Amino acid sequence: MDFLPDLATSTPLWLALTTVGVNAVVGSLRASTDDERHWDIVGLSTFGVLMGLGGGFIRDLLVGNLPVESLRTPWYLTTVLGAILVVLVFGRHLARVSILVTTLNALALGLFAISGVAYALRADLPVMSAMFVGVVSAVGGGVLVSVMKDEVPAILLTSAPNALVALLVSGVYVATDVWDSRVAGLAGIVTAVIAHFVAHALGLRTRRADSPAALLFTRDKRDD
Amino acid sequence: MDFLPDLATSTPLWLALTTVGVNAVVGSLRASTDDERHWDIVGLSTFGVLMGLGGGFIRDLLVGNLPVESLRTPWYLTTVLGAILVVLVFGRHLARVSILVTTLNALALGLFAISGVAYALRADLPVMSAMFVGVVSAVGGGVLVSVMKDEVPAILLTSAPNALVALLVSGVYVATDVWDSRVAGLAGIVTAVIAHFVAHALGLRTRRADSPAALLFTRDKRDD
Amino acid sequence: MDFLPDLATSTPLWLALTTVGVNAVVGSLRASTDDERHWDIVGLSTFGVLMGLGGGFIRDLLVGNLPVESLRTPWYLTTVLGAILVVLVFGRHLARVSILVTTLNALALGLFAISGVAYALRADLPVMSAMFVGVVSAVGGGVLVSVMKDEVPAILLTSAPNALVALLVSGVYVATDVWDSRVAGLAGIVTAVIAHFVAHALGLRTRRADSPAALLFTRDKRDD
């Protein structure tokens, strides 16, 4: 399997930057498409930075990989800047290419999750901790944006099961990594995209956590 | 005093896990007993993790003890997982054994405070900084849960004086540690439990901070 | 230019403590002058600590400068304690000397920004990352206080352009630092004070970020 790149530990730069850029666009849109509050350029940029780089910040802090990796080269911040400009210029029009954004989003979730797992394993953390870091890397950026917006992070309420997809991806990565880390990276990404679309197609939503049934899903055709 | 374990720096694992587990239960209950919002399994787990491990995360980050200590073995996350399952299965019934939960909570506050102080001292921080880290370790987890819930952390408003109990515990630990670190650990824990029950019995509450009188307490028999 | 101190990397202690103290006063006032909620001594102290030291905490975490610098000596916490006492005793009267507070605030913004840039450069981060760390150091403390208050940070909404002043200061520092780091420190501080007063005098406010025009300002004479 030597022809495959090791996606988790040496993600090709173009792929890493694409996912950061897509996430930054999604983050910045949470400012420019908000009709309730008047976010300024600082708010929009903050959401872009946190959504694009925040998960990685949390990963690097927990694991002790400092200075945080995305600040060690100018490419990540440059990409985020580009994403911010794209949102300023095209704004709401971007929301219309939602199928593309959804796919890239699933890809980003997967990449963030597997890089979180891989970095944690490299720091000699046990498998369970690595899966935890993977999930936190994948969903941490969105949570930070919600905190800045003074909102409850959507993933903590009954919602589409994004955090559970990240957990599944982390599990698949960990299981496959025992055999071959290159295949593990690919398996993780493929799992992310498939799980995302299956969850979407079936309208899976998490349940209210007031009984053990919270471990199951409900189905809701109006799921976004 | 050699027969005493050094509670702050080498807390017996069963004791550390018990306090983490109790705190995780308390955190998870903040999701499952909330009638206003529909927290899902991700929200409930997040509250359990942050309440059980969040104070330690903050301590390790401020002190530079990375990767964060509770991720270096699988035991802490396993304990939190167990706590989450307990809350899912028994839910509101747990709130009824409140005298037990209150005692364990006071114990947990004390243990988190003294471990915060001890880790800071070990990192060669001065006494004042160590007490700061102690207080932050003790109350940080609850503050993080409140931030996730989009609520003001209760300890910042007029309330039961938990943060001040943590400060007292840190002070007692620091003062006794000059003489013997084993006794210091025990003195800190005992202080935590006594101060907690005295504050509760007298109905002590902090005052509004608009004058120097804010350094005193009021008494309120309806104190929760 | 050898007679100038290197403000960013070896800020004279009296100057560093003055800016931390001023910021801590401003933070604590956000508790004691709040008529909506009853913040207690813990809340007031938390705001003072976060406003005075929070930006530095974030800087040190991102850059990996651990344990965080302001905890390595007792002077910073002692200064914050002093600021808290001043606010408790003098309270609302302090808000009246607003011209002094405004000037010291501008100075503090500048000092935090240049120390952020300098620490990042010393950690071998590229220029763009250093400017990012500079801005985050300058505005991070206020953002953390807003999160604790369960409010949207004002700088993320249409408001006085404080974050952009911090960006300008960081840019001036980086540009001048190529030539001489001592002059860079002074240039950064002078830029901060001038930009702050120009923005105030002209009533500059940021715009809503829904088009590229968000990169410009509006003018509003009622700007606070």
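Order as written gives the chain letters A, B and C; numbering starts at 1 within each chain.
As a convention for this text, a contact is a pair of C-beta atoms (placed from the backbone, for glycine too) under 8 Å apart; a residue touches a chain by one contact, two chains touch by 3 or more.
Quantities reported herein were computed from a predicted structural model and do not represent experimental measurements.
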Interface sides of chain B and chain C: same vs different residues, half threshold: different
Rotational angle, Cα trace of chain A fitted to chain C, multiple of 5°: 120
Intercentroid distance (Cα basis), chain C paired with chain B, Å: 31
Set of chain C residues in contact with two or more other chains: 61, 66, 147, 150
Of chain C, residues touching chain B in the complex: 31-32, 37-44, 46, 49, 57, 61, 66-68, 71-74, 77-78, 85, 88-89, 91, 147-150
Contact set on chain B toward chain C in their complex: 61-64, 66, 120, 123-129, 132-133, 143, 147, 150-153, 155-159, 161, 163-164, 206-212, 214-215
